[in-house]
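Two complexes follow with subunit A in common, the first pairing it with subunit B and the second with subunit C.
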Partner chain A sequence: MTKTDLHHQIRNCLQQVAELANCQLIEPVTDDTVLLQSGLDSLGFAMLVAQLEEELGFDPFSEMEIAVYPRTFAEFVSIYQQYQLKYAGG
Partner chain B sequence: MRKLVVVSGASRGLGLAICRQLLQTGYAVLALARTHSQDLQQLQQQQPALHFMAADLAELAEIPALCSRIVKAFGRPYALINNAAVGYDGVLATMHNSEIGSLLNINVQAPILLSKYLLRPMLLNQSGRIVNISSIIARTGFNGLSVYAASKAALEGFSKSLAREVGKAGITVNCVAPGYMQTEMTSSLQGDKLESIKRRSPLGRLATPDDAAAAVLYLLSEQAGAVTGTVITVDAGSTA
Partner chain C sequence: MSGSLLALMERHPGDSPALKYRQTATAPLVTVSYRQLQQLALAKRRQAANLQQQAVNIRYRDIADFICSLLAYDGFCSALYLLPDHNVAPAGMLFIASETMTDQRLPVDSRWYLATSGTTGTPKWIGHSLQQLTKTVSTRASGNTLCWGLVYQPFRFAGLQVVLQSLISGACLIDASDGDIEQRFDTLVEGNVTALSATPSLWRQFLFSGKATALQLQQLTLGGEIADQPLLNRLSQLYPTAQLRHIYASTEAGVAFAVNDGKAGFPRDYLEQGYYDLQFKVDAKHHLWLKNSALFGPELATRVDAAGFLDTEDLVELTPERVLFLGRASGVINVGGNKVHPEQVEQVVLQVPGVAACRVYGKSSSILGQLVMAELVAEPDTVPEELIGRVKAHCQQQLQRHQIPFKIQVVAALPLAGSGKQVRIV
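Right, the complex of A and B next:
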């Protein structure tokens, strides 16, 4: 999966989860959107991480040695991209 | 399709009684325990909906991977019963620090982590149940059980706040607090002490693992859909 595909998949997941969590996302969500201002609530983010774990097979936040809280959508995606490379590389 | 319930500490005592009642009621059960006990194996022969996965919950770092394996192999669970616990007794002043640490890991951290990781698939299902097995010792004192008491009080506090956190996702979180039951965990409680607990109980007996398991079954039922953030005491009235 390319970086762009992953970016696209996370964006799709965000939409799905927002619907499930009954949250109204701001339009448009861009790379610079601050997550806390995206319209998704904290439980919604937990669902996003859960959904991505089911789809991608990993949860980068559980694998990190220290707690990291991405601020923007781009930072969130970038964490997944880093871990995807790690998984792809074995 | 049968709803899947994950039960920790399922090899004996209350955990085994919970598994037995769940299977009789039509749930599928994933039993977690360190060892695949003979009782569990026998139950599995009669009940093909009983699955077993070996898990040592003292290995906290393994819990995320364990939960991933569970969801991959069995799908999203409907409920989690955090029943596994250790009950070392001894006065605090001479209890070894390693024992204090391992009791808190197994009785508090492990159920919190299992809840964290099995809650996620429940969030995606927008429904689920978590039942944490507490004890009347969370709220009544007993000589020699201070650390155990701390662990059970912690679970009750955890359950109430988590109930508030996940209620809007259709997930309930409750505790069942049994009184003294005759299981291996309480085997050191004998003679006069045991008789005095029985005598002081309004019903003149101890609660059994089956009595406590029935409360767990109720909390999993549709009828308990409006019950969350609470503790059901099953102690034959000992703390009344």
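Right, the complex of A and C next:
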């Protein structure tokens, strides 16, 4: 999966989870959107990470020795990209 | 700790700030000194002379009024019932006169009652002495220079701990227990909080907000959920000189113990050596049992063994160095500090026509501790996708958001334990 595909997949997942969690996302969510201001609350955010784990097969937040906390949507996506590279690289 | 709460306040300089809070969500922070708190409390006591030696309930209006009530009624009334909700008093709890005392001397050794949610969702009242509630309060000399952030509801066990810690050590309490998450974090930053107690889930949100770096924390406490190692590592990296501790406490068992070494779980040595007056044991089913020097109240009798140990119903795993927490034996799911009883969710799911059987359990979440999951068995001739849709819709009507299953799966059969009961996974 390319970087763009992953970015796209996370964005789709965000929309689905927002609906499921009954959260109203701000329009538009951009790379600079601060996660806590995106309209997704902590429950929605936890659901997003769980849904991505199901789709991608990993949860970067449970794999870290020292937890990293992304502030923006771009930082969030970048953490998944880094972990995917690590997984693909074996 | 001895004497009434009000008497303990008299040791602090009257001019010292005791509390900063907002009277409305958008109002600026107002400062209340220790002297002002004492005067307000004494005035409240004078107005309530008829409540002397009586049991009184305390309904939360705002933090200043709440603290004044605690100061006024502790040592004056026989029992303090802290109502668990802003508006709702449980039936029959409006005024409890059964504990009226005949002895008229003050101070009275007041009993404090806090509500805990039972399996049915009906609150159970658990009594504590002020001494029990303040057992882990640190009174070290520098404690009065701290500013404690309050992010828990103060009428619950964890919030009350923060309020008492701040008041007894002569520190300043910054109220951030109300409002949306952004406002609460802004209040912590504006109030220059230097000491903060929060659930691991709330700490994670605070870190996600990017605002945690604005604080110069000296004391960090984690409680209410299992504290995991990555989070502890991140916090000790961010605040390298601060004291970091995670507390094991429950409303039922009273204050238990704190772990200060920055590692998840607690040292295995505690099992042999104990922790102050607390003794530990782990049974064959991996339940943690605790024994206190104070006796557990009669309401817990069924969970106390012949040697006086209480079954905490927390499941633990033993490693060579540590005892690690796994979750609740009862299968209670902890979603970011909110307890979800699987039975309650199962009952709601079973109301949907077409559902033959249902099992609700927790799935671990790196963000909120756990999320709610459901498996169900469909009656014959039911279309699984349609059934899931109906269950989701029904749950959204009947349950609070954190109780609604994140995932609903239709399965052929549910696993049953040897007893014939459903298997509970934690």
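By definition in this document, the second predicted complex is superposed on the first by the 90 of 90 C-alpha atoms of A that agree within 3 Å, B and C clash if a C-alpha of one lies under 4 Å from a C-alpha of the other, contacts with A are read in each partner's own complex, and residues count from 1 in each chain.
To be clear about the criterion, a contact is a pair of C-beta atoms (placed from the backbone, for glycine too) under 8 Å apart; a residue touches a chain by one contact, two chains touch by 3 or more.
Fair warning: this is a prediction, and the values are worked out from it, not measured in the lab.
Peer 1: After the subunit A overlay, clash or fit between subunit B and subunit C?
Peer 2: clash
Peer 1: In the superposed model, which partner reaches more residues of subunit A, subunit B or subunit C?
Peer 2: Counted on subunit A, the partner with more touching residues turns out to be C.
Peer 1: Between subunit B and subunit C, whom does A:Ala67 touch in the aligned arrangement: first, second, both, or neither?
Peer 2: In the superposition, A:Ala67 touches subunit C alone.
Peer 1: Does the superposition put A:Phe45 against subunit B (first), subunit C (second), both, or neither?
Peer 2: Second partner only, subunit C.
Peer 1: With the two complexes superposed on chain A, say which partner A:Leu25 touches: subunit B (first), subunit C (second), both, or neither.
Peer 2: Neither: A:Leu25 stays clear of subunit B and subunit C.
Peer 1: With both complexes overlaid on chain A, does A:Leu6 touch subunit B (first), subunit C (second), both or neither?
Peer 2: Neither subunit B nor subunit C is touched by A:Leu6.
Peer 1: Kindly classify A:Asp59 by the partners it touches after superposition: subunit B alone (first), subunit C alone (second), both, or neither?
Peer 2: both
Peer 1: Tell me which partner A:Leu36 touches in the superposition: subunit B (first), subunit C (second), both or neither.
Peer 2: A:Leu36: touches subunit C, not subunit B.
Peer 1: Please work out whether A:Ile79 is in contact with subunit B alone, subunit C alone, both, or neither, and reply first, second, both or neither.
Peer 2: Touch partners of A:Ile79: none, neither subunit B nor subunit C.
Peer 1: Now that the structures are stacked on chain A, which of 26-34, 170-178 or 314-322 shows subunit C clashing with subunit B?
Peer 2: The segment of subunit C occupying space taken by subunit B is 314-322.
Peer 1: Across the two complexes, what residues of subunit A are contacted by subunit B and by subunit C?
Peer 2: Shared contact residues on subunit A (touching subunit B in one complex, subunit C in the other): 20-21, 43, 46-47, 49-50, 59, 62.
Peer 1: Write out the stretch or stretches of subunit A touching subunit B in their complex.
Peer 2: Within the complex, subunit A contacts subunit B at residues 20-21, 43, 46-47, 49-51, 53-54, 57, 59, 62.
Peer 1: Flag every residue of subunit C that touches subunit A in the complex, lowest number first.
Peer 2: 181-182, 201, 204-205, 207-210, 229-231, 233-234, 237, 335-336, 363-368, 371, 396, 401-402, 406
Peer 1: Which of the residues in subunit B end up touching subunit A in this complex?
Peer 2: Touching subunit A from subunit B are residues 64, 68, 71, 117, 119-121, 123-124, 126, 165-166, 168-169.
Peer 1: Show which residues of subunit A lie in contact with subunit C when the two form their complex.
Peer 2: Per the stated touch rule, the residues are 20-22, 34-37, 41-43, 45-47, 49-50, 59, 61-62, 64-71.
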